[in-house]
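Let me begin by handing over the structure; questions about it come next.
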Amino acid sequence: MITLNHYLFLSALLFSIGTAGVFLRRNLITLLLSVEIMLNAVNLSFVAMGRFNGSVEGQIITFFVMTVAAAEAAVGLAIIIALFRHRETLSPDAFTSLKW
Amino acid sequence: MTFPLLTLTVFAPLLGALLLLVLPNQNGERNGLVRGIALGISLVVFALTLAVWRAFDGSSADFQLVERVPWIPAFGIDYHVGVDGISLWLVVLTGFLTPLALLSSWHGIEKKVKEFSFFILALETGMLGVFVSLDLFLFYIFWDAMLIPMYFLIGIWGYDQRVYAAVKFILYTMAGSVLMLIAIIGLAVIHAQATGQYSFNLLQLYQLTLDPKTQFWFFLAFALAFAIKVPLFPFHTWLPDAHVQAPTAGSVILAGVLLKMGTYGLIRFAFPLFPDAALQVAPYLGTLAVIGIVYGALVAMVQPDMKKLVAYSSVSHMGFIVLGICAANVQGMQGAIYQMLNHGISTGALFMIVGMLSDRRHTRQIAEYGGLKHVMPKLVAAFLIITLSSIAMPGLNGFIGEFLTLMGAYRWRPELAAVAATGVILSAVYMLWMFQRVNYGPLNNPKNKDLHDLEPREWAALGPTLVMAVVMGVAPNIFLTPMAPSVDRLVQRLHAQRPAYAKASAGTPAQARAVPLTTPKPLPATATTTSEQAAR
Amino acid sequence: MPTISFSLVFQLTLIGVVFFALLMSAAVLVYFERKISGWAQQRVGPNRVGPLGLLQPVADIVKLIFKEELRPKAADKLLFYLAPILSATTAFAAFAVIPFGPPTTFFGLLEKPVPLQVADLNVAVLVVFAITSMGIYGIVLAGWASNSKYSLLGGLRSSAQMVSYELAYGMSLASVLVIANSLSLRDIVDAQAGAWWLFHVLPVPKWYVFLAPVGFFIFFVAGIAETNRAPFDFPEAEQELVAGYHTEYSSMSFALFFLAEYVNMVVVSGVAVSLFLGGFYVPGLPDWLGPLWFLGKIAALLFFYIWMRWTLPRYRYDQLMDFGWKRLLPLSIVNLLVTAAGVLYWS
Amino acid sequence: MMTDLQAIMPILIVTLTAIVTMVAESFQPKGERVPLGGLGLIGLTGAAIASVLLWGRDLTGFGVMRADNFALFIYVTLCVIGILTILFSGVVVDRERIPSGEYFALTLFGISGMMLMAGASDLLVIFLALEVMSLSVYVLTGIRRSSEAGAEAAFKYFLLGAFSSAFFLYGVAFTYGVVGSTRLDQVAATLASQVSGPSVMVILALAFLLVGFAFKVSAVPFHMWTPDAYEGAPTLVTGFMSTGVKAAAFAAFIRVFLSAFEPMHGEWAPIVSALAVATMVLGTTVGVAQGNVKRMLAYSSIAHGGYLLVGLVAANSVGKAGMLFYLASYGVTNVAAFGLMALLSTEDHPHDNVRDFAGLWYRRPTMAAAMTIFLLSLGGLPPTAGFVAKWYVFAAAVQEGYYGLAIIGVLTSVVSVYFYLRIVVMMYMSEDVAVDPAPAVPRSAMAGLALATGAIFYLGVVPTRVINLAVQSVQGLF
Amino acid sequence: MDGWLPILLLMAFGFSFAAGNVFLSQFLGPRNPTAEKLAPYECGMPPVGDARERMSVRFYLVAMIFLLFDIEVAFLYPWAVALRELRWTGFVQILVFFLILLSGYAYVWRKGALDWNTQD
């Protein structure tokens, strides 16, 4: 039987993968994808919890999060393109004109 | 509502300064006019301070000319000003020294004269504000705000190392004062806990009963702020830099008034707000003061630079004042206050003289001078009077102050007084030695050959200080009488029985140590009532 | 429980039949496409292999199977092979939710009538939308993995084209949903059974095409673009891009793209029929022959598809994008709002 | 419905203005220039007036927006920040070749997001507002396409911003899981009724929300993006985001942590105190080492975040009112300081090195004086707004017995004075006078500077009125 | 879950058919690779440079605009189905939604993001 905890665990796992990706991956697009994975992990939580709570609110929230994720992706990609124009690379290590 | 004389006095300089700022002065073509207006404003302010003196009733210990307007009611913060016998003289001193400072920089300052005058006048507002504030918040505002013009005065118009000195000055002073800020807030909060409403009113906070631990920490916070300002050894290191690098006017005001704010703070705030902690810590403060006296004197002795010498002499002299305050008896307090005035006048004058010399020769090295009496006898005469005043020659002002201070200290702790007394001797040594090296001997240095003597402007700057040195030396009662009631009340407050404190601290180690320290010089009520005679 | 296992067997059979039918339809379509193109160009089309060239598709397939598989050295191996598989898989899957006949017991063979539909979902429209959108991945991946300029450009172009038309596609879908008030394709189809009597004499099928003709137009045009068919066949645009995204493909992987394209045509037609043309219902004709009517409608649409291809010239790419973004999209928004207002007004 | 709309009227006005600005710019005839900044000014003024009119009415919009005094106070603050930004922008936008339509529209969109964030009483709406705000600001950061640093800053800001919003959202998810709703009042009710201590889920919710907010207010150790983003962004944008974003983020922070999560104050206060200490200490100490003024001010802004956190920890009415006052005074000051820097810069010369300020007083005494006032206010010296603000926050800490926090706060503010003074030293006390690249300052920008200076002194000398308003604002917070 | 299984099954059918064919053709067809055969097709000329060059930014633009609009479409489906309950209120709300969307659309249009015939 799949319980709420299974979903939450999966969601936490995905979230961790996303978090780790942000820290470990060395490609701008992959970084962006990692963040999106994090958002989707949260979406999973929302849907699971909404179902567990017996309301559709969780799914509605997911809609909003999807929208936000899309907007974020659009802006993120635009910024990456802008960056790429300057350096012709997608490696975050190449961008050092500002010290971290 | 009565005429807001104090407010007018405090804000007149700022108002004048702002007016000055509007005056167009492109490339300094109207420097003379600017100087004149600034001097005029400062003289008006001086007149106002004299009016304050006139309006002051010397027989009362209360705060007078009080103005109180709610400012931030949510926090119990008022615009609350007033003077008593202690602050009155500092107000007058400020009014007295500012025009002199402006005069002393008449030719020394050539760049950005308008801004220079602006800052001096703004500074005056800050200083006056500090002395008349009866609300801790207001006090703190003036206390901190005053740093800004001083910072610019040192930083823009100072000598080579001016930036370093300016930054050191402001950081030292701020670092000390911010802890006081916490303590001030803490006081208000404790007041709120006790009475249900916030108050920064000094008079109300006097009534507060604090537990010993709080008192101790708060006193330390206050004392640190003031000790840095005084400056008490070992917090004095900013002073030589600031003094040496500051323009003459800055030095005059710094030595004449700003340092007094530290001792004034001890008298007005740190001691009466936390009397038990103060009396408990006083011996340590006193010890530091005495160390400062001797140390300052010794260091002054070996200075090749006149200005630095005077600066270190300030450390030494301010030690006397702190010692007098720590004695916490009528003589000590009166002596301290009197000495504050003396020091303001004599050190201010010394800085002016040094400034005049360095204006002419662009050096302050003692070795560069010698035999000046041959070329500028008038200056040397003035120099002599001021030197004697500074070393507490009887008949001049310094004597009265140091004598009272030492007397107070002796009644409290003879051993400290004894060590401090060596400082008197040492000061005679370094001052006279310096005087001798500069003014006597052969006129060896050819550059000194055609120095001109005092101009009328310089007379105008120096003359009043000479007069005051003599007046304060021969007729001290003019000054001591109005301050006596306030000093009496202060001393009473310090030694009053505070049952709540005794109860709260019964059996604590701190109390066990505090009792023997405070008991040797009990000043019972009978003693204090007769203190007026003692003061005379 | 025998019934359950029986229905499972039936379900599997159904899936198999649908799958096979789709496969066959592709083969048949290839044949007809060539035949019709022949007719359109006043020639005979395939006529050598088998009677009337009927075995031509078989010959094609056999040939393709035995062709040499070429993969450019610089290509991304995994993605290169994955792309056609993905295309084909999504093409098949999308058909799953389309109902092609009324519930039937197969002449009493079953105890309960079962729907002639692989999966009856209450969100069928979304599923169609989702799965057809996934087809883009196959094309993009193919273009990118080949590491060839023509492929990449073709892939990019076709994906840009597909996404451009997907908006209009989606909005015209929404206009049907407003009328039908359901996301289930079966509900939508069932709502189109029967007829209105215009002026009490003229029977008009209750098809949504009559309620939302503009929606149908948008849907079909967008559908053509979605399937990369002429006049929107840019990915292939032989004259410009050789063969677009599948330039580098040969043998079976090429065949799969081909297959996917034809199956997609069937799917789009199927969806169009379900949404706008009454699905398997024709007023006045017996419902139990529903699959037949359904097939007929699809065939008609498919014929239209092919007819268009050989009649209309190809758009220029910028015209295509302009048409999608600047004409079709606003039109579909207006259509949606008007439809919604109409529904609210008359309901 | 009408009251619902009334409640969000200020936000509506700003959003509408933003849309109009965006569309107007794209429809303007070639060669002609629509005064887009003027549109923004009108809109923001309108929004501010609407906020004032709503004062004290405590309307609720659509169940998820509050137009309580707290929100309105922040609205007005944000409008003022926006007005100042636009006043400074006019000439700078042209000079630095920033696309003006996008710039103004995004600024306004950003403000609408900030306002939404301040007024939202639902975690989901806060999240959406956070994104509306953040996305605008990300783009603003990289709006100069020719600037590599800008693009880099935008990406770093974007990446960590998106990262943190994911954390925030995860926190929202956990809250939703526990409470079954994202409405703050229901969250508070549920948390208050927990008898047997908080569950793991609640702790997780708290932790994730805290991380999300900590990123947004750039609390150490979640501050990594701040210096880069501030340095790389166009100076005006830096000013805008260092104030607006901070104000909005703190507004939501206060609302979430002091109303919804108030029952758990005991749990989060130690953590936030630790954050506050780290933020104050690192912000000031690292700030000392910076040679780039924007970077320096970035660290200063981090430190200011620390002071605000002190107010949050104290969590009494003084602290909350103090934070509002702080946000207002800091906002005006900082936006003006950056605006002034922007006015002095040109396209190829950013005027952001400490050396660039050398001798400014001799070249442009008015600008130097104004900058001095701003810096003194940032440093918290009386009689400026910054002093009263700090006073208030520390008073709150002392009142609650957080002496340690207050002491660290005042000591670090002394350190911060050191680096503010470095600029002052350069302006007044440096002999080598840098070249002055920038042309004259237009009247609108001077008006902005005058407005800011006036506000700083007004808040510093007679703060009573604003403080009273702030006190009124936080009264309805619970 | 029951409704979804058949779809998965159909997918599996499709997948195994496709994968199987691709797999089979590896064995059934001849294998005579030459360097020319393995080079990407460029009309018979030796290939020049790398294929993965930068493409016109318009493709990205279209992708992003699509992304945003497509998400808006996602909101339309629930609305479309629920329209009869939402009545005119829902209609007005979606109208406002569209107006906002259209202002963005107008902006994008005017800015030339939808034009393909201009050189970038």
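A few comments on the model shown:
As written, the chain order gives the labels A, B, C, D and E, with residue 1 at the start of each chain.
The working rule: a residue touches a chain if its C-beta (ideal position, glycine included) is under 8 Å from a C-beta of that chain, and two chains touch if they have at least 3 such contacts.
Protein names from UniProt, one per chain: A = NADH-quinone oxidoreductase subunit K; B = NADH-quinone oxidoreductase subunit M; C = NADH-quinone oxidoreductase subunit H; D = NADH-quinone oxidoreductase subunit N; E = NADH-quinone oxidoreductase subunit A.
Bear in mind the structure is a predicted one, so any value in this text is a computation, not a measurement.
Removal of subunit D from consideration leaves the following touching groups: A, C, E | B.
Of all chains present, the one whose mean CA position sits nearest the global mean of protein CA atoms is D. Put simply, the chain farthest from subunit E by mean CA position is B.
Set against the Cα centre of subunit C, the chain with the most distant centre is B. In terms of C-beta pairs in contact, C-E outnumbers the other of C-E and A-D. Between subunit B and subunit E, the centres computed from C-alpha atoms are 80 Å apart.
The distance from the centre of subunit A to the centre of subunit D, with each centre set as the mean of the Cα atoms, comes to 26 Å. The distance from the centre of subunit C to the centre of subunit D, each centre being the mean of the chain's C-alpha atoms, comes to 53 Å.
Subunit A and subunit B have centres, each the mean of its CA atoms, that are 64 Å apart. Within subunit A, contacts with two or more other chains are made by residues 71, 78.
Screening every pair of chains for touch gives A-D, A-E, B-D, C-E, D-E.
Interface residues of subunit C facing subunit E in the complex, by the touch rule stated above, are 11-12, 14-16, 18-19, 23, 64-75, 81, 84-85, 88-93, 95-97, 118-122, 125-127, 144, 146-153, 156, 159-160, 163-164, 166-167, 170-171, 173-175, 177-178, 181-183, 242, 247-248, 251-253, 255-256, 317-318, 321-322, 325-326, 329-330, 333, 336-337, 340-341, 343-344, 347. Listed in rising order, the residues of subunit B touching subunit D in the complex are 71-75, 137, 140-142, 144-145, 147-148, 151-152, 155-156, 162-163, 166-167, 170-171, 174-175, 178-179, 181-182, 185-186, 188-189, 192.
In the complex of the two chains, the subunit E residues touching subunit A come out as 57, 60, 63-64, 67-68, 70-72, 74-75, 78. Subunit E makes touch with subunit D in their complex at residues 100, 103-104, 106-107, 110-111. Looking at the complex, you find that subunit D touches subunit B at residues 376, 381-383, 387, 391, 394-395, 398-399, 403, 406-407, 410-411, 413-414, 417-418, 421, 424-425, 428-429, 462-464, 467-468, 471.
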